[in-house]
């Protein structure tokens, strides 16, 4: 249906369409982690993913388990992730939305059992740990050739980004050459993100990782990073400096083959969530959300014409998360190709970590043509130790 | 959650939120009619309305029943509406999306059984027949005080229109005085809508009925029409004249109390579905979709900057239909107030029919302060006979 | 230069370009009336119209003449229009921006002397008086075949309207069928426009006359009006009723040949001047200013994203007035065709007056295929008596 | 008049308003250089700057002098700049729009004679030569305390940038922290800009110098650069490499005090001139032209909704150039403060040159807290030798 290709919901629709074809069996899913985003994943899979059946959830937080007991009728709850894996013999897939620090560990355990995995981003704040998840999958898939493991880069499932991607693929912009992308959060005066910065891996790993993933998507997953450089400031939250973080930062990623990505990440937006991307090629440009809007309403007042915009990433990307749930489910059930490869998730963490390092050291970081870093990294104060040290 | 109030999906979200509170029992629903919109309703209730359970569907079309058998696992199918009503003893609610000509008849039968009813618009192309549905409900509700009957004016469930309504209610525009509203379809060169015009009640009843309903919503359901006048042309489909219809028409509705509504309906848009509304009050204005967009993508090309828009009403209002399904379900289960009253659906048909008459006769039609028509209507060639003649 | 064809200033540029070709002689111009708009015309011709030389101005207001003495160095000032015409033997052109009530009289006197005339709109609030100006010109041009007389419909000189017109002419929209056009002023709480309503001819003659002129331009100057109807309210200024006027009105003009124009005029806008137009044809649509903006600035604030818009017609159309001055001058000097015909100015007053009558009487007014009114007009309380009674 | 403050032409208007006050004497101006932009300056001063009188022009090109003889009636023409300075005893001001290579030399000669100077940007492609112009002025002004010398950064005179500046100054965005600014030209397939690259100083000096000037304006003229880094590519014109230039480049300027500027310059835009700027502060953001538009027209077609944008910098900034002419004239005549200081023009060349060097070497360049470069510059193959070597 031509029309739906242009509608914001088209891709969600299309996942339902496939539901038409094979209504049969439902994918048995567990959710690990029921925090803010975990609870949303749980509801999406429980209520809005017709081909999935949530059979279990796990969280170390009693309050979250109580919420699940109240809300997710018929779903078994576990305080211990490992116990859940042991007990739920019929389990087919795990959605990991626990604290970032345990993403990799939980993912690897599920992978090793042959389960499908949808892991929230980032796999880890450490490139090495991220790599260990990929390695586990590369081993596991030999035994479980239909196993699907993806990292939840939600923008890949957003109707606007997909529309842009189709247009770029169809040649509308010629050869993509310069990408500008920003992930800018509304100012949260509660200071939540200051404490969060201890574990987030820094603003480039937490926010810009989406933009880095987009660069890899639009430039091609095989793009090889040549250099990164970044600078940043603490305009509103000087306390961030104690965690080696900043509240505003800009960066440049240079790829081999004449491709550049320009980044901006911020915690300081006034109007709301301002995530946008422009892909400029030799023949044209495609932009996503450079003129942000929430609903289709404009308000005409003595002070001018005003529109309101989404206040956070979930307000902007809710539909994408639902599409993600439906498509991941369909890929597992139908054994079809997943829309994004796990290698990219590792590459994104590597680039994000390098940008964060450049942000702190002020040094440009260079890579050879195979993507291998030239020169030694700065010793890292924060971040996540290699998983081997913890498993 | 403040943010979600501004997101396009907020109201859908809120219906899910209520799902959090009372997961328990599901509403047993049947769908009558599985044509284009009927099949969509069936899928919405089946897949995307967690608190509803579709137990039966009916359609006179064998092909549609076959589709249901393939797609809606576990749902019983009936070729005969009456048989379905007889057999399905547990049925609680019926969604009527059959041909307009049988809307009223099917609705009244379900109403008389005490079932909840969501009937597609219009109740009928005849004001008298529409009134008979309302009368049936008014009688029935004495016996079934919790019974809910609504007419599916989808825009009432659209996040943008609701956002606009909240703003108007909160006083942003002062007292609403002038509404401009248009329902303009993309040109369909297949000529589908020419044949459709035989039964549609005409462009004002088929298209502008939404705008009329919006006028009643924003001005107040108790607004009394004072006069209507309309003119129209056949710019692309002169064949429409044989069914007393036009492909472009403009109209004016005057309400008592200093309120005016300006209408435009068309079958001739080039770019897509162009439905928009402006509510101008004594202190400001709120507009909905006056700068249409589909996704958040812009394309920069040698010919300029371009954006694509939804191609049809479903591309524009899909989310609203899903919200409608969820909210109707919640109102039935929780015995809460429905968001729109059936009286309005009758009033809208009356005004739409008068506009259509004015379009054909070229005469202004006036009403007294109780909304009673002054002067005799023109004899109608087409349209729908009073239901009494057919039941 | 292709680029300038797309710039907002292109047509002004082109008038300067012609200045390149024939720098020589300057047109000797007088300005009649130095009120708000008259003073602006005087400055435009004096400072920003290189091929014109303002040699004289006239005004009955001493204060205005003093302003001219201070500001327009070397320009002679007259308290009496007739005296100016007598004394200024070298005068070639008169710009009439005096009170509407004397437009026609002053124009006819200048016409009879063979002078070029640019007369502010409307020629008169009376169709008969307007016609007398046209008749004078039709007689005069036999003696002065190069004489130019135009009525200052500023939108004809606006870069955006001209851009739209070129696109319509080039076939982008197919055959124009439906025009929606509005002239809506910012609310002026001073009540200025209430007193002004005594002489303005009413809101349709004062405001919508621009939209009517646009309809004639885009549909073709030879379009014949078939009917008009209008309704209006006094939402903010009930005092207007004593002058038979309204502060918000909508109207429909039907033309023979399947062409419709939908109008809205208002004195109640919150954000600023909201003049916009849409020309819908069989193949597409061109819109002008449906998303109003002032500068290219957007302000991102906690309340959303805001832009400011022009506050009055001069803020919106200043460049158009300057272009008008330059092009009128060039047409006079180079004896080239004027961009709009005086017949249209008479037609616009006729239609505007009929709309105003319909607004007050509530009756639809019809015209035969030669544009002759069917049925007698309502007796008019206000308005302007035929000129013959006053000359 | 409140309204004009919001109109795009407000600042031009205000310069005319001052014309009201002191119509008297006209500034005697010469134009040096009559190439593309020189001819435009000549026409702006000749036709559209009421308080200026162009008395002489000079150009080494015969064809250009012929054009002046035809077009600028009464203006004396010179093939030799020095001769013009000698002969024109009444000259008060010189507008320098000759080839960049002679900007500085011509400016210094005029400065030394006590003439007012408006010099096109850049003063020179060499920071040292630029500094020599400033030094000349600093000496000269001791003798000619009313002398005005400015560099023509046209965006400082653009209504939208001024609107943005007023808003930032009024505190709307809090403390400015991050500026993103881009100067991106439409792709010119003629390859003109390849040859031009020999003399332009490179894309950062030619294009981004405007953005650098904006950064200094919005962050404060006293902002001290801390570091610059840049990368670039040749996506469409590999020939540029022979002149050490690129067709797309991104850069970062870090200023002391927590201020960052992110740049993009390109020769590859499809739709037209895409210059935009965002100023993000601790409390909000102001954007200029992030949603580019030419006229107020939108075209609705089967492919979507389209708008056209200015095709080159003159299409975008024509009004700003005219304002510049009028304001420069007024400052000279009235001895009022100029709106931008010459120091900024030197600082901009220094930063632009460093970015260009970083673009070529791939090295980050750092400066100490007094703005002095840390480490030696790379030896420059191209660029302009110090003026001392040529005078």
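Per-chain residue numbering starts at 1, and chain names A, B, C and D are given in the order in which the chains are listed.
Here, a contact is a pair of C-beta atoms (placed from the backbone, for glycine too) under 8 Å apart; a residue touches a chain by one contact, two chains touch by 3 or more.
Just so it is clear, the structure is predicted and the values come from calculations on it, not from any experiment.
Chemist: Among the chains, which has its CA centre at the largest distance from subunit C's?
Modeler: Result for max centroid distance from subunit C is chain A.
Chemist: Could you compare the number of C-beta pairs in contact for C-D with that for A-C and name the larger?
Modeler: C-D
Chemist: Can you give the whole-Å distance between the Cα centres of subunit B and subunit C?
Modeler: 42
Chemist: Distance from the CA centroid of subunit C to that of subunit D, rounded to the nearest Å?
Modeler: 38
Chemist: Would you mind pulling out the distance in Å between where the CA atoms of subunit A average out and where those of subunit C do?
Modeler: 57
Chemist: Name the residues of subunit C that each touch 2 or more other chains.
Modeler: Within subunit C, residues 173, 269-272, 284-285, 290-292, 299-302, 308-309 contact more than one other chain.
Chemist: Show me the residue ranges of subunit C that touch subunit A in the complex, using the header's touch definition.
Modeler: Result: residues 269-272, 274, 292, 299-309 of subunit C touch subunit A.
Chemist: For subunit B, which residues are in contact with subunit C within the complex?
Modeler: Checking each residue of subunit B against subunit C gives 173, 175, 177-178, 180, 227, 229, 231-236, 248, 250, 252, 254, 258-260, 262, 264, 266, 268-271, 280-285, 290-291, 362-364.
Chemist: Which bits of subunit B are touching subunit A when the two form their complex?
Modeler: Counting only subunit B, the residues touching subunit A are 2-4, 6-9, 13, 16, 19-20, 23-24, 43, 46-48, 50, 70-73, 159-160, 163-164, 167, 172-173, 272, 284-302, 308-312, 314-316, 318-319.
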